[in-house]
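Same chain, two partners: chain A is paired with chain B first, then with chain C.
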Partner chain A sequence: MKLSRLLLCIIIIMVFLCTGCYDIRELESIAIVTGIAVDSTQHPNMIKFSVQIAKAEAIAGKGGGEKGGGSGQNSPVMMMDATAYDLEDALHSLRHDNSRELFLHHNQVVIFGKALAKQGIGSYLDALLRGHESRLEVPFVVADGDAKEILETELELEKISAVGIQRMIRHKAEISKLFGTNMLLFAAKMMENTASSVAPIIKVMDEEKTKRLSLTGLAVFKDDKMVGELNEPQSRGFAWLMGKIKASTITIDTKKGKAELEIISSSSKIKPNFNDGQKLDIKAEIEGFFDITELRGYENIEMEELLDLLVRMTKQEIQKLIMSCFKTCQNLNTDIFSFGEYIRRHHPNQWEKLRPRWDDIFPAINLSLEIDVTIEDTGKISLPPNLKGEKA
Partner chain B sequence: MKTQKASITPLQFMFSITCFLRSSSLLSSFFAPISKTDSWLVVLIASVVCLPFLWAFIMLMKAFPGKNLIEINDAVFGRIAGKIISAIYLWFFLTLTSLNLRDLGGFVGKSIMLKTPQIVIITVFILLCAWAVSLGLDIVTRYSVVFVILSSIILVVTIAATSNHMRLSNFLPILRQPMKNIIQSTNIVSTIPFGELVIFLMIMPQVNIKPKKLGRYFLPGFFLGAFLITLVVARDIAILGNTITIFAQPSFETLRMVSFFEVLTHMEILFAILLIILFFFKISLLFYVSMLAMSYLFRLDSYKPLILPSAAIIVVYSLIIFKSKTKHLEVGRETAPFMWFIFEFLLPLLTLIIAYIRKLPQKEKDARSKEAASA
Partner chain C sequence: MYTFLNKKLRYMLRQKEDEAQKKQPDNEEKLITGNLTADLELIREMMGTSSDIKVHEFKYGENSSQKGALLFIDGLVNNDVVTQSILKPLILSKSLNNYQAGEMKNTLDIVKQTVIYSGDIVERHTIGELIEGCLSGDTVFLSEGFDKALVISSKGWDKREVSEPQTEPVVRGPREGFTENFRTNTALIRRRIKSPHLRMDHLTIGKKTDTNVCVVYLEGVANPDIVDTVKVRLKTISTDSIIDSGYIEQYIEDHPYSIFQTIGYSEKPDVIASRILEGRIAVVVDGTPFVLTMPMLFVESFQTAEDYYIKPYFASMTRLMRFFAFFLTVSAPAIFVALTTYHQEFIPTTLLLTIAAAREGTPFPAFLEALIMVFAFEILREAGLRLPRPVGQAISIVGALVMGEAAVSAGIVGAPMVITIAITAVAGFVVPDQNDAASILRLILLFLASVLGAYGLVLGFLGILIHLASLKSFGVPYNSSLAFLKNMQDSYIRMPLWTMTKRPESIAKGDIQRKQYNTPPSSEIVNNAGSMEDN
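Our next item is the complex of A and B:
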């Protein structure tokens, strides 16, 4: 009994004394990495690996409004880079070249340079998935140009640009989940047999005095190499075809006037038709629900007639978006729509016949669309107010 | 030989089985990469495949009420052969304890305490288990009810919280892969968690239960455990899809994906807590069984003096048992299912058959009196 009490005392003392002896990580001993940028270099096998590190003291010490000038003393972030053969190598050289320990848990975003993306990012993705410190749901984007430059761009509203970029991506993903990808989703898509993956493209917009970041379009990957791009309307078409677009607007421009419709929700259903395994026809049934948010023009028109017109034009517009996207992808031979995966899952017998020839079949797919548009609400007013007054 | 008093209620016995199985759901990386998105089905198939063997366990328990595995071996195979077989079983129990300890050490070391040497984690943990074991079996099994309820609550919460990431189409196509994969995976599932139930033959005499009612508690416990494993695996597949094959700890990654309205995020800590709790249960039980087997093998009055020395052996054993994690996975996938098969299924079946041929349960009294005379 005495012994056990003594033991208990020792254990209790140990609990308090030995908390994290080995793994102690105080704020002042770590460098919090907020963003990672990977670029290619002149040397074909080497990469430039840059990290953005948040300076905790600088952020805590300063008030909201002030902006750190450039890479000056007061900037809340700093950049570090290393050139190495691979990602782990670069990380190690950064670790050893630093007074503080790199802390990757709070990394907000991973950016790959366009040139590197074209060479293939599989091996770097592997290192990022494998590391025990890195998180899988970190969004990842492709820079239109140099990835480091994106991280270095200062944002007006955010102290730490990587946090800003992460928020931009999240914001954009509200339109469609497909516009934001993360390590896990990307890897999952790459592991599908034939599918190609997409990642958002981020661009530096040079405006008169300041620089601004903008997410426009999607980079299309075949296996792990970037092979092409979808522009903004095309990526909307992609989202439409997948039935995953919402919280965005569609603009209808006709001779009689202009209308803005807000997308409330959308869905799509894919129905493949195998034609005895020679050729593949895919029928997509797309449904969209809209609210009218703005009408301009449309004078002297009945409400019903107007709604008819809008529905018709919306269908045309969606068809245009989707077809433009689909043709681009067929030209690139990239199945970003996971049609192959859909067939593998739902029609496994057919898939075994199609799979060996998928690269020939996909570009020849005949896509037919059946679009169903419903305008649910016209807002608080129905027809546009005739501001010129009644002219008899 | 001392007599054991029956101190475990049937309900605790049932939940111990469930809890023991549930703690093995953390090892889905042994079979998930092989059977991929059909893994949940594999668990169900394996639970059906295992039924004849479980029947053998139950028959043994019924035929020799009040005797544990070591005593049964003595009775069935005779003194010398029985001792040899019991010694092999002791090795099996110690190996299981060490393997599970290594799993725990590996997980904590790789995911939570990165720089802490594994020996520290393992030693601290086995000391805790040793404490529990020294207090007796009923202490360990009493926790099982709590642990099963706790882990089920966490399971339900995580299923709810990850439901926005789930895609049911991840399960498709069902059973469209080579039969070999399914069979191999079934073999792994049936030997690694399910067959390990053979250890309950050791603690049977301490369960306060009538032999007739055994099946009524054993089987529901088993099916509840199998069902929980199926749920865990199905949840992971629904979320991770085909990437389940690349992760060392699929459930850990699944819980990382939790983002419930941006409020509840990163629930992987729940997984860590669950893992440690369940491993505590499993290792304590295995440790207890090893100690009991050892004390019976060497005819000691109490297993308690064995605890600390054995703990030291287990620590070293678990450190040297594999050179690396990759080797562990390889053995877990390729060698263990066949080797364990002998201990978990063949030997009990053989015991049952020989017992049947020798008409042993009837002769039991004579054997005991003979033994008493010789002793």
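Our next item is the complex of A and C:
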């Protein structure tokens, strides 16, 4: 009786303890992956999978001063690549070739090469979404060229380029959330029936001495294949139409002078008009609030007149941005604006009729814009210093 | 199983004690015979020939016709009292001359009433009682022809002055502390609570040491059941020696196998007084400045005297910080080990890289590293504590340098681990009452975290929580006033004093109202006429 109680206690304790340690990983036994790049190869079915691994000792900078440029032996990061049929395969072969276990939890960015993106990335995304090690909120970009080259580019300020890329995307996303996408958002958009996803495009800019990375626009996907690009102004148009633009400026260039307006806030409303289910008209009401941050020129003009002019020009500018973006998307037949999804949610009955022919309807949508611009604040001064304010 | 073992053990112990008690010889019950020489002989036989026992035989009374003897222990008595208040009046007194020889049988009463200058004289009839009085510093007066003797209080040994205690220092608040002297200590309490309801019930414990113990409580405020429990438990202590109040604590605590202490202690009269006023019972033990209080709640470890002397905002902030510090000191190494060996994904990337860089090239696994550092710290702490003070400082400096700087630069341990242990160590001193328990819990959690990661940590915390919830101190749940029930004015935060209208209901019984109304101090101003301004 007493013995059995004691035994029971011991067994219970053992049950807790014997399960332990199975997933123990000492810090010095893992290789912290900071970036992943996936490229296509000559072989149509094979991919080149590259990982950027942070070398902790070099990063923490034990005597970092003597390392100078950071290239060569003492570079804070290390690149590894493997060529395989699929992603999981590549990961395995990398694991086997490595003295340390690959640790994907801290991956900062996933980059797909443009060529591979055009072939379709669905199957590779699957592996990244499925594995419990990789995070879903990892930013996801398309390289204009070779993805590995992007990861290899050294940044001036960041020791680990992947961290730098991730921060670049985050800054860009401050202008509009649409400029940064992560794997979860991308996959979610892909799963919407008719919508198309976008992902930022990253490009290596060759300057005289150094290489620099730049986010140049948005890659437009139809399903899991990249079909086209939106350049920088067009992506702004995209953000305007979705009412998701903020913390950005707009430049008004007229003969009389030049003005910089800062966007305080914006919003947009979409109103579809179903013409008996045959043709779709969409009216977008866009509202923007601005501050004036810079004025140049505009001599001999009154403030009210100037504001009128600026409002008019801003409307035109926004209209131009949006229409340019919209036309491109119509040509590509990619509904990155989720108009289809909007109609499905708000007008489910109409959607049933439209759905089978959406690919025909979307390119023929007639988009009309109603833009309302308010200039809220002229800053600390009203007129430029050279205007003397005669009539004020 | 735990309680079963407990009971079994206690039962066995009790049995053995009973057997031992039966064999105790019965020499002390002998009565005083009245034959001075024989009585003194008996006393000498029992007390041996210790050099500090003084027997002074002399003659007194009319024409120095009476034989008498004073018995005292040198060093325990005040020599002035013995010579000036006892011996001198006995020998010189004229009052004895006026009585006739026939009234001789009253001599001892006359001596007691008119001769000796003392406020504390008792008559004793057995040899045992005389020896007991003698050993506690009284002077025994034996006289030829009487079968009784007088025990005259003449205590006066060297004692430490009331001084600022080494533990529990305060920035603001009373600075006096208890001393090793029993009466000084009870007086210090009495001076703070000038209530006729303050009771000091006296006991002596320890067959050999005969230690004076005093149960102090406020009648009408303290729960009478708890008072009785304390007394009964004190009376059932059957040991031959009580050296410190720690002995008492271990003999009467509810959970002798728990690592948490369920009896509080303090060296400061103001702390003890305020606890008595909350309805707790204090036990003053002769020979130690540490006074016990019971029942003890877990939250007491996080309260300091100063909390009540300063404004409530800062007091509340520091109290919350103490809870956090306790959490840190118990779990910081465990959390660090769990995070760096199991859950690297929890750590922000840049921090992870820094930690990884520090771990690079260190020879031991993180768990072993933590264990080494925790032990090194315990060793240093102990060394600093035991060594003579001037050497102790040198040790702590060397220890700090060795642990902090050299170990890191030699690559034996990583710097983040040193930081973790340093925080653990310093945080431990914020809650000194639970420092012993924390040191053990720290190791248990560290072990659990190293084999099970965060799961082990949670398991450990749950275990601790369950254990804490199961503890009781003299019938009062250990965690009461930490669970969200009544009386929350003085637990996680300290509310203003004027909101504490009641004494803690789990402890006090009877007169639990401290004050009538929960109102802030009036901001009205008295004008010259002396009446309140209308507001």
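Here, the second predicted complex is superposed on the first by the 355 of 392 C-alpha atoms of A that agree within 3 Å, B and C clash if a C-alpha of one lies under 4 Å from a C-alpha of the other, contacts with A are read in each partner's own complex, and residues count from 1 in each chain.
As a convention for this text, contacts are C-beta pairs under 8 Å (C-beta built on N, C-alpha and C of every residue); 3 or more make two chains touch, one makes a residue touch a chain.
The structure displayed is predicted, hence computed values, not measured ones.
Put simply, more of the residues of chain A are touched by C, taking chain B and chain C as the two choices. In the superposition on chain A, A:187 contacts chain B only, with no contact to chain C. Shared-chain residue A:137: touches chain B; no touch with chain C.
Contact with chain B, but none with chain C, is seen for A:348 once the two complexes are overlaid on the shared chain. Judged by the touch definition given at the top, the superposed model places A:56 against chain C, while chain B stays out of reach. Looking at the shared chain after the overlay, A:129 reaches chain B, while chain C stays out of its contact range. Of the two partner chains, chain C is the only one touched by A:28; chain B is not. Legend: residue contacts after superposition of the two complexes on their common chain; A:106 is shown touching chain C, with no touch to chain B.
In the superposition on chain A, A:9 makes contact with chain C only, while chain B stays out of contact range.
Judged by the document's definition of touching, chain A residues 20-21, 23 lie at the interface with chain B and also at the interface with chain C. Residues 110-111, 113-117, 120, 169, 172-173, 176, 240-243, 245-246, 253, 256-257, 259 of chain B touch chain A in their complex. Contact residues of chain A toward chain C in the complex are 5-6, 9, 16-17, 19-21, 23-28, 30, 32, 34, 54, 56-57, 59-60, 62, 103, 105-106, 108, 163. For chain C in complex with chain A, the touching residues are 1, 340-342, 344-345, 349-350, 352-362, 365-366, 451-453, 456, 459. Across the complex, chain B is touched by residues 20-23, 129, 132, 135-137, 184, 187-188, 191-192, 344-346, 348 of chain A.
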